[in-house]
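Two complexes, one shared chain (chain A), two partners (chain B, chain C).
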Partner chain A sequence: MPLSLSDPNWYPIASSEDLPFRHVYQGQLLGRELAVWRADDGNVNVWENRCLHRGVRLSIGINEGQELKCQYHGWRYANQSAGCTYIPAHPADAPARRIENRKYPVKEAYGLIWSSANDEKPFVPFPGAVGEDWFALRPMPVNAAPGDVVAGLARLAPDDQPADLLPGMTVRLGDVVYFVQPIDAGRAVIRGLLPRTPTDELATLRHYNEQLTRLRDRLERAAAKKPAPEPLQPIYEKVSADLATMPDIAVPRGNTLNVVVKRKWQSADGVIGFELADRDGSHLPTFQPGAHIDVHLPNGLVRQYSITNGPGDLLSYVIGVKQESASKGGSKVLVETVREGDVLAISEPRNNFPLRRDATRTVLIAGGIGITPLLSMARFLDKSSLPYELHYFTRNGESVAFKSELDVLHGAVHIHTGLARDAIQGTINQVLGPHQFANHVYICGPGAMLEMVQETASGLGWPDEAVHFEYFQNDKTIDASSAFDIELARSAMTLHVPAGHTILEVMREAGLSVPSSCEQGACGTCLTTVMEGEVDHQDVYLNKSEKASNTCMMTCVSRAKSARLVLDI
Partner chain B sequence: MAITLYDFELSGNCYKLRLLMSILGLPYDIVPVDFFPGREHKADWFLRLNAFGQLPVLKDDDLVLSDSGAILAYLAKKYDASGQWFPNDPAITAEILRWHAVADDITSTSSAARLALGYDYAFDIEKSQNGAHRIFRLIDEHLWFGEREGRDWLCSPSHPTTADIACFPYVMLSEEGGISRQDYPALRRWTDRVRRIPGFTVMSGIFPAGPAKVD
Partner chain C sequence: MPNAIDPITRNLWHVVAATNELPIGLIETTLLLDTPLALTRGNDGEPVVWLRSDEEQGDEIDAETIVERLPVRTAYGYTWTCLGTPTDDLFPIPEFAEPDRVNMSCGSIGIHVSAPRAVENFLDMGHFPYVHTDILGSEPHTEVKEYDVEVSEERDEVLATRCRFMQPRAAKSATQAMEVEYVYRVPHPYCAVLYKSCPEDESRRDVIGIFLQPMTEERCRAHLLQSMIDSTSTITDLRRFQQTIFGQDKPILENQYPKKLPLDPRAETPIRADKSAIAYRRWLSQKGITYGVIPQAS
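Now for the complex of A and B:
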């Protein structure tokens, strides 16, 4: 029977032992080449063997533990989701989380890695599989048609004990089960299993290896006499535009997913940890270090929380929530009323705090709950063995959150507790030092601290583009007293913004769909290009030089000093 | 001591010496020889250094040496204080020389296919490719059972030897000769291990491996 590209059966494509940590295995099934790798968490990924960027084989790439890095231009793809997490040519842009490589189904069982060409059939154990402690033989690649290999295996059976031919190119010879992996029309791999580990492992493995080598040689001699079968011609379909391109700026609002609170715990004095997982146990969307999610709270409020996870860690998101004494109803609801097992709606991750991986020195500075995005950054840098130092300022030792997660990092982690303002400033001054080429600092913490670090850095000659920060919230009083017109260049509309209303509100009332998140000038989601007019910046997202450039603004809080603004919307 | 390597950048045989000297931390000078397209290894001045007209040639002060396998042994015996890269033990010496001979077989097959496809040499491509596959099958089997026996390298010591250096380059460059290593998973894992030897260096077509997992 000829092979079919759309054969829905599961076949073994490797032995479990073929996949040590930090290795990329090169496989093939039904004509399609595969890059197969085990992440540090044990998960096995079976992906199409090509980078979405330039088509280079990912099997020559680098398994960094939780991400696979393409050897050619360094694109990184996450464990589980195969989502792209970093594009070195665009270090300052968070790559679109939607860029995702093609994955194939995978199951690790009975000492073998199984996959199939499509998702049509669930994995089902082969007859008699359950209850034995299977032991894999050395796989034997054969340059012969898979059907001929099945027939050849069957002929190994003694006359009085004929082979048992099972569905899916499987042959049982007494105790031994052989699977034929159809590589291509003229190529196969024989993968044998013994029902238990033999007493003399090596002698047994050598015995079967010799037997299969002889069979291989016979099959290849026979195949050489026949015309070579036409290789399968898999169609390497383009990944859908949705998965291969940067998403539009106008991310639809309200695009949420439901997650269950898997764990809620006191991470430190004043900090509650929440672990949010998919309800069916599948992976969540890829995120970049520094990314946050919107959490829709039971009281209707929407709040942003940074993801603390490391690379490729997508089975749940862990966030840290501050237990504020005078909380304004956001964190308070989460801390006091949400329990383990509750379902929450969250947005897909969004990153307005991207991390560059081409720095010669990376300094991460966290104040209090500001540790959350920086913990994620530290974990990414850690996995890639890139140098970094993390300085974490807290009120006292009891308020150090995510202690055990910080303890396992290999970089320089300094925890500074109970320092007064002056002492903090002195420490930061010392930590930063004069700016040098390709040094970058990332800060997240209370507003006063962010301003202090920015001033200190600026005094030490750090340019604005080397100082990256994220505010939790905009503490400034917003002056909404101005009234002005906005001209939306791409939408060909002119709208009036009266006092007391934001640009964002006016655009929405006019029926435009524009992205936003915190709506207080802190998160960066509503960033808009300004073409003409003078902006009255009231946000804390843009840095000084960005504000001075007058080329961009946050439409949720900022307004116009001129009578008219022309926006690229 | 002044070592000079007569070198062609794209030659796997020259790379063997660069690789070992990098691992041993030996300084050396390079005299580039235009093997392709200039065929400078057949020029009179080069033939006076090596009448066989083959790269690499290595000069150590006044001593002139040729043949990559011989030079690997020389460098290890003279400059490797640890004595690990070419141990004195007679049985291990024999084992290493056996694999140096395999390395030459890899050169005459895998490298020949690469020269035919990329450098206009009139070698029989199919025959060269089939020959390389025959050798790779045997090495894969040897390394697969090695992993089972707790042996990570081609020879029996618990550390790499010049045998691994000698066989490595034209295994890694085989795809330039149209020889896939997909059917040789244990051989592919061994190339990860070689690429993680401290002091490892690359050449065009040979990429570094990432760091091993640290527990």
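Now for the complex of A and C:
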């Protein structure tokens, strides 16, 4: 039977011992090359052996533990999802689009790594697999058609004990089970299993190796006399049309997905931790450090929470929620009514607080619950052995959240507890120091603290583009008393925004679908390009120079000072 | 099976050897566009190129006896030939004629990849910190800043300007890290020229050319030219520097799949840093080049 690129059977593609930590193994199956690697959490990834950017083999890439880094341009792809998390050529941008490598099903069992060309069949143990402690023989590559290799193996059987031919190119010879891995039309690998570890491992391995070497020599002599079969021609799938054009920086409003609350615990005084996982145990979408998710609450409210996870850690998202006494009902519902086992709808991760990884010095400053995005950043920097300092200000020792997670970081982590305002300012002044080339600071915390850090940094000569911040919320009182027109350049529409209504609301009412998240000018999701007109900025997302440039705005709270605004929508 | 050679490629001048490395009175053999060639130099030092039949590398020959000759040009230290009818003159590199420059060929290196892949790698700055670590770039200075690209209609070439990159050791004569500014030209489908700020003289630019000899659709030879303002380094040092750089690119290029350059925009994932590569691919597509590329399905 000729081989097919779409053969749905599972075949072994490597031995478990071919995949030590921090190694990338080059596998082959049905004419395709595979990059096979084990992450530090033990998960095995089987990906097309090709970086989506410029087609360089990922098997020459670097296994960084939870991410695989391409040798050519340093693009990083996450464990589990194969989603791109970082593009070093544009370190200030979050990879705005979903760039995901092609991945194949994988199963590690009986000392072997198994994969298949597609998801059509679930993995099923071979007959008689269960109950034995299998021992893998040395693999034997053969330059012959896989079907001929199966036939050759069957002929090894003695006359009184014929071979047992099992489905999926499997041959049982007495105790030994052989699997033929079809590499291409004219190439195969024989992988054998013994039902238990032999007493003399080396002698046994050698015995079977010699037997298979003789078989290989016979098969290759026979194959040399036949015309070489035509190799399979793998098809490289095209990337989606939106990836093929040069990206603008735009984050589409993603679909929601349902997650289950796997764990809920008191992380610190006043901070509740939530671990959110896929209901079927699949991994969650790729995120970048600094990203947040919208959580749709049972009472209809939508709130944003930062993901605290480190790189390649996609089996669940961990968020931290503050038990606020004067909560408007968002955190309160989560803290009081949501329990372990409940299902919540969340958005796909969005990143409006991206981390540059090209800094010579990175300072992370957290106030209270503001630790959450910075913990994620610290974990990414930690895993890449990049230098950073994390300064975490809390009211007292009991309110230090994610203590055990912070304890295992290798960077400089300083926890400052119980400092008064002046002392905080003094510490920040000292921590920042005068600005130097390629220094960046990231701040997340209460509004007053953010303003203090921004002022201090500015006084020390830090330019706006080196000071990155994320507000929890916009504490400013929004003045919605103005009325004006908006002209939507790409949609060819002019709309009137009356007093008391936001630009976002007016656009939605007109039938436009526009992304938004917090809708209070804090998260950055509704960022829009302004082509003409003067903006009345009321958000806390844009920095001073961005506001002064008058080229962008947040449509959820900001308005117009002029009678008309022209927006790139 | 090799693709039929498109007429544009057939009628181009192609580089085949560093002229002064061709032995006088002895045969060199090579491959151009799947066509075996034989080369030698006459007693006058002028190269002669013809279609190879049963000649072997190293055979003795008197160039005078070769009757059926291919057209030949010598330029920038290299010998160029054409399998069809040359329509245009070879592209200009005016700096080459400046009297105080050190001009040198830096070797001819075989690479198992198509010529357009090698051109694209030459235009790329994003790989400096990863492939030319601590020479042309180093982490964490990985950013490719915005730059400008145009296709000059008048000169029919791709031109990228204002390309800037932080480099620890931009040239042999550099002693400390500096932000270098590059200008890239692609004046020929298989050749590119770069101009970079010169560490020795701020007002002038070093010139580095890469001329690819497409041997087959998936194999080429890279011929390197340096035209430098450098009063201290020896030619050996300058050559060694360039060969180190190219030796770092070679294994990456040979691990690129497919080996031919895909012109379909959806074959790979471009980012803003790849503007010059995108312009180059479009330019090849519009010219109708099919040799060494996977043309966009129409």
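Some notes on this structure:
Note that in this section the second predicted complex is superposed on the first by the 552 of 569 C-alpha atoms of A that agree within 3 Å, B and C clash if a C-alpha of one lies under 4 Å from a C-alpha of the other, contacts with A are read in each partner's own complex, and residues count from 1 in each chain.
By our rule, contacts are C-beta pairs under 8 Å (C-beta built on N, C-alpha and C of every residue); 3 or more make two chains touch, one makes a residue touch a chain.
Everything numeric here is computed off the predicted structure, so don't read it as measured data.
Of the two partner chains placed by superposition, only chain C is touched by A:His90; chain B is not.
Shared-chain residue A:Gln71: touches chain B and chain C both. When both complexes are overlaid on chain A, the residue A:Ala14 reaches chain B alone and has no touch with chain C. Of the two partner chains placed by superposition, only chain B is touched by A:Leu205; chain C is not. In the superposed model, A:Lys238 lies in contact with chain C only, and not with chain B. When the two complexes are overlaid on their common chain A, residue A:Gly55 makes contact with chain C while staying clear of chain B. Of the two partner chains, chain C is the only one touched by A:Arg357; chain B is not.
Once chain A of one complex is fitted onto chain A of the other, the partner contacts of A:Gly27 are limited to chain B, with no touch recorded for chain C. Contact with chain C, but none with chain B, is seen for A:Ala438 once the two complexes are overlaid on the shared chain.
Chain A residues in contact with chain B (one complex) as well as with chain C (other complex) are 33, 60, 71. Across the interface of their complex, chain A is touched by residues 120, 125-127, 129-131, 139-144, 251-252, 255-258, 262, 264-273, 275, 278 of chain C. Within the complex, the chain A residues that touch chain B are 14, 17-18, 20-23, 25-28, 33, 40, 60, 62-65, 69, 71, 138-139, 141, 189, 201-202, 205-206, 209, 385, 410. Note for the complex: chain A touches chain C at residues 33, 49-50, 52-57, 60, 71-74, 87-92, 99, 236, 238-241, 243-247, 357-360, 386, 438.
Contacts from chain B toward chain A in the complex involve residues 141, 144-145, 147-149, 180-183, 185, 188-189, 192, 207-214.
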